[in-house]
Amino acid sequence: MAKVKSLADLKRIKEEVQTKIKLRENSDRPEQVVQVKVAMATCGIASGAKETMNYIISELEHQAIDAVVTQTGCMGYCYAEPTIEVTLPGKEPVVFGHVDKTKAEEIIEKYVKRNELVDGIIPVNYKSI
Amino acid sequence: MPKIKLAEKTINIVKEICAKYDNNEGELINVLHNVQAKLGYLPAEVQELIAKELNSSVAKVYGVVTFYSFFTMTPMGEFPISICMGTACYVRGAEQVLDEFKRQLKLEIGKTTEDGKFSISCLRCVGACGLAPVVMVGEKVYGRVSPQQVRKIIAEYQDGCPSS
Amino acid sequence: MADYKMHIMVCGGSGCRASESDKLTQNLDTALQKNGLEEDVQVVTTGCFGFCEKGPVVKILPDNTFYTQVTPEDAEKIVEEHIIKGRQIKHLLYEDPNAKELIPDSKHMDFYKKQVRLALRNCGFINPENIDEYIARDGYAAIGKCLSEMTPEAVIEEIKESGLRGRGGGGFPTGLKWDITRKSEADQKYVVCNADEGDPGAFMDRSILEGDPHTIIEAMAICGYCIGADKGLVYIRAEYPLAIERLKIALDQAREYGLLGEDILGTGFNFDIELKYGAGAFVCGEETALIHSMEGLRGEPTFKPPFPSVSGYNEKPTNVNNVETFANIPVIINKGAGFFSQIGTGSSKGTKVFALAGKINNVGLIEVPMGTTLREVIFDIGGGIKDGKKFKAVQTGGPSGGCLTEAHLDTPIDFDNLIKVGSMMGSGGMIVMDEDDCMVAVAKFYLEFTLDESCGKCSPCRVGNKRLYEILDKITQGKGTKEDLDKLRLLGNVVKDTSLCGLGQTSPNPILSTLDNFYDEYLAHVEDSKCVAGQCKALMQYKIIPDACSGCTLCFRNCPVGAISGERKSPHFIDQSICIKCGVCYEKCKFDAIEIV
Amino acid sequence: MEMINLTIDKKPVVVKEGTTILEAAAEIGIKVPTLCHMKLHDMGIENKPGGCRVCVVEVEGRRNLAPSCVTKVEEGMVISTSSIRALNARRTVTELILSDHPADCLTCAKSGECELQDLAQELGIREIHYKGEQSQYREDTSPAIIRDVNKCVMCRRCEMMCNEVQTVGVLSAVNRGFDAVVAPAFEMNLDHSVCTYCGQCVAVCPTAALTEVDHTGAVIRALSDPSKTVIVQTAPAVRAALGEEFNMEAGNLVTGKMVSALRQLGFDYIFDTDFAADLTIMEEGTELLNRLSKHLNGDKDVKLPILTSCCPAWVKFFEHQFPDMKEIPSTARSPQQMFGAIAKNYFTEKINVKREDLVVVSIMPCVAKKYESARDEFAHEGNPDVDYAITTRELASLIKLANIEFKSLPEEDFDQPLGESTGAGVIFGATGGVIEAAVRTAYEVYTGKGLEKVDFEELRGMEGIREATIDFDGLDLRIGIAHGLGNARKLLEDIRSGKSNFHAIEIMSCPGGCIGGGGQPYHHGDASVIRKRMEAIYREDANKTIRKSHENPYILKLYEEFLGEPMSEKAHHLLHTAYFDRSNKIES
């Protein structure tokens, strides 16, 4: 193990290890970060929810967007699987259907980063899942 | 002056531990901890030896041994039973549990059964207050113990082998 | 580095570990491997979550699902249901004791809502055996800042400004203490961390050491820098094996990283830490006694002055602070004195950790801002009294503190307020009592503790506490007189006024406060031979109500001493001369046919 | 040094910085009662654990009462030593101590001398309000000291003496809380321990937790047995202190009255240990010169320094703690034992009494002498050379018992032949005295010249360790002196490590020498008493016509008639001894 010889060394190590606990830090303050819930019931998994989730997690991390990506049970929109719910800080949750990799990319680029609306929103009246 | 008899192995253990602490009198408590961990208790002869090794007086060593409740001069049972008497355990009935152990084993606190199997002692808060009242047998922790469970706990060890 | 998508946080505190949380961790790992998820999900053993009542506790991130009383056998289900299928496991969720509903998310638990975690900031959050996780949480940034940007005087000034007061009980201003030690000239000085937590029912220091050992190491180094010491000593209870183990690991890691040892962070500052073990003596919480114990002597206190800051360990200037005090230091340095001092009350800044115990729903470890009321702590965070019973008293400050009543529930908790109402902060034990607790017996319990723990050096504590205990015992036996109550008060005051150290100076507090607040209960014992709470066995009898007794023989069969006689289907009878008042019959009776009189 | 202004009981006081409240109060004549505190001025001995809490006083502005013995004065302090609060606390604390103390004052060995009894009296305690369980320890009787731990008040004085002053390390506080007492390891009996019986614990104990074994009854029985001839010897330090027991000023020499009292008590012959001290000088001095000349001639087998061996506690001390050096001390027996041997072997012949019909009683300032007289090697077929050794205090109680009005007794002389002594024999009672006596004789023998001045001031004093060089006509004789076993230990460790370059060392176990012995009237913490006794000893020496041992005519006669010459075979047999290794052996 390398010695920490200076303050700069310490900062470097901190940056290196920060990602290790990023997930924990974010989950401790979900309301301050982007929250994504992926419906992951049998129907979801069958239609590729797992791949979608993996993609979202790695993409958000890659782009250094603080987010919490969780899985949830069936949202009740089996016809539109994979479905995800996205909550931006201070905003109401929005549910998207048929989210494959391409769609996910679009959601991240447009909705998450620029707050522009994209197609595929499932208009519903529910509080949360 | 009566000669003090100790097994050679014991002498070596004690000397080694004292040497580890540079035979420094100021490390007496650390030395006692180590010796008790090895021998299980601190008999008079061992205290004499420690005093000699640390160039201290045996009265002083004994004064320290009798000051701290962690140190004991009587060998503990094969299965030492410790009942937590911390406040949390107390208010949740530790005393009744203790009484039951005493009654079942016909044993007083700090004593060991004739067969050397069990000894009873009280502890101050093991920090498992959420499980109060707590009983420890050796390293094993029993939580939320009721007096009715005491017989069962003892039975676990009666055959000489704890069912884990 | 594998990027984990989920973290399973398993409490590895002593309490949860006693309920096999380590086996649970193993099983979780196995189950993850079985499902090929070891790259996606990380199992983290953390320090205490605080929610000890329902241990072992498991928290799943990022969704903050909070599982309680999890057994090793539940591991597979957690992986298969929750991790893979995203379904919460209902029976492991925490049920709000009052609203009777399941709480899926720790963010919604009353227990956590009102807490502000500074000293406990990393407990339950990081793996205490991994220095990297500590560093990721700004660990060692504070010592870095001190060494590179601040003079020792500036650091002390910052601590002074923060208003931090010693959390071990005395409440002495920490910055001032450091300043005095700094100004004592000597060739060698010492930093001592008092980790000999001995209050029955208090375990905050243990939890910090188990959950976040590096914060203590860092804070001690900062203190060493400020006072001019290159040696630190942690005086730790030998009864805390897990804390010792974690601290040792942390020390090794810090040394390996060069954060302890010579030339720390290239600044020329040297500091290292050695462990010294306590051996079961409550009085060693008193700093002079602690120092004598570290020197290999009987842990007897000596008169102050000289204070340890002037002449302590090996007669060198020694700064003694307790664990929780140290745990606040990095926060103050990193976030600034202003951040810290805006929390709390006028005279007591920051937060305080309490160990909630007794007849309360949520037994555990909590941290709240100074100034939080007892009511908030007991009823909101603590979830109220167990089994719907009535709140009677809360004991704060351990054996040195007093019993407070309903009337004090809205008192904002801080150092001075508690003293004003006849108790004290102490190290933070908080024991809640309900209607079944006899206050005379409670006072006796505490006195028995002090009696056991008195070092015997000064006469008022050695003999005075014995006499106080004997009087209390007499009262609980129903043999007390009204004159005895006056004696308790008179003698208690003298013991307080004349004892050598804090132990004797506070030992009568449980008696004096119960006399003040529950005088009627004492009076009932001595005048009517009645124990209202039904706890003093000598003063009560179990009797069978013939009309209610169905003659089921259940009591009869369960009586351990054969004191109950009677025929099936006809009312039973308890022979009072044989009865040991164990209460088994009372508990067993299904017809409420046994009364306590 | 800075001066501090404060007010005690409304009186202004100015004292030096660092003064305690207790001392400051004393300066204006206010005596705050104490129990555990004890300070032996100019001996560097102080006991102030601040534990008894009897001396608490009220300091304005402080939350708690302050123990005056350890609280230092501060500028502007306002103190009340007798406010209701302080008085109530003081009385309550004393009552608490009494509540765990046997109330057998009327028959207690310490009655009349007990500091706790005095305190209770002073505070006017007539009732103990807080009664309860009392400690129950067994009594421990050794050849010299009785421990009655039930009377221990945890003042810690004995522990301090035993560990810090004497470094014997037999006593320690043991157990804790209500059970805490001072005791030997494992609460073993003293006679199983390394106790030297120096008796300094007895000398400082405020109560009767530590007292000497009482032999007065046995002495009375011997005196009343017509078949016995009972003779008595009195140690030099006794005459300088006995008067204190009869309310006489410390430092009064009561030699003549003491002789007179002993005669009234019925002793058949009143002899003097000083005579035997002179004899000791003849033997020890000769041994010193022998060893010295052999050493100077290059004999490597001869070890120097030579150490004195008069003090039985010191002998037992090195037998336990420095057994590897047991060849170094002089083999000469102590004066008490030389006297016993001469009495039972020579004097019996003179008066034609059988050995078993002669009872030798010694009056000693010492409790270790009881042990010494009981050592096996000092008995012949079970009959000891010295039958009973009683302390100065025990003699006083015998005198009181016999209704003797001590103060008005006439001065009488010792009997002969064993009652004649020189000034050299007298000064054995004070630290430095034995070596000074030895020097007076050795000088003249070694150089063949007469001393012009017999007073060696450089060997006297109260310093714990002293050294001096005496010019022996060209030979610089280097002398070391230690009193108090802790000081002795330092010199011994120097010898062991080869650092010592002394030719001769005198060691006495008790601070001040025998005048401060464990069997002397209680000093109650007043060290000036010991100094006054010392002055008395040197006064007695100065007043003697013969001041050198080798000029004692009866000594010369004894050699002529009986012993031959110093170190002769007979002398060796009767006047010398050997030492034993009493160290703890740990074996497998």
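Order of writing sets the labels: A, B, C and D. Residues in every chain begin at 1.
Please note the rule applied: a contact is a pair of C-beta atoms (placed from the backbone, for glycine too) under 8 Å apart; a residue touches a chain by one contact, two chains touch by 3 or more.
Because the structure is predicted, anything quoted here is derived from the model rather than measured.
Two chain pairs are in question, A-C and B-C; the one with more C-beta pairs in contact is B-C. Using CA-based centroids throughout, the chain positioned farthest away from subunit B is A. Centres computed as Cα averages put subunit A at a distance of 39 Å from subunit C. Averaging Cα coordinates per chain places subunit B and subunit C 24 Å apart. Here the CA centre of subunit B is 44 Å from the CA centre of subunit D.
In whole angstrom, the spacing between the mean C-alpha positions of subunit A and subunit D is 89.
Residues of subunit D found to touch two or more other chains are 173, 175-176. Annotation for subunit B: residues touching 2 or more other chains are 60, 63, 67.
Residues of subunit C in contact with at least two other chains: 281, 298, 300, 452, 455. Chains touching one another, given as pairs, are A-C, B-C, B-D, C-D. Residues 281, 298, 300, 302-303, 305, 451-460, 462-467, 470-471, 487, 490-491, 494, 496-500, 505 of subunit C touch subunit D in their complex. For subunit B in complex with subunit C, the touching residues are 24-30, 32-33, 60, 63-64, 67-71, 85-88, 90-92, 96, 103, 123-132, 134, 141, 143, 147-148. Of all residues in subunit B, those touching subunit D in their complex are 1-8, 11, 44-45, 47-49, 51-52, 56-63, 66-67. Touching subunit B in their complex are the following residues of subunit C: 13-15, 18-19, 51-55, 198-203, 206-207, 238-240, 276-282, 293-300, 314, 355, 357-359, 363-364, 395, 398, 429, 431, 433, 437, 445, 449, 452, 455, 560, 582, 584. The part of subunit A that touches subunit C in the complex is made up of residues 1, 3-7, 9-10, 13-14, 16-21, 23-24, 26-28, 30, 39-42, 53-54, 57-58, 61, 68-73.
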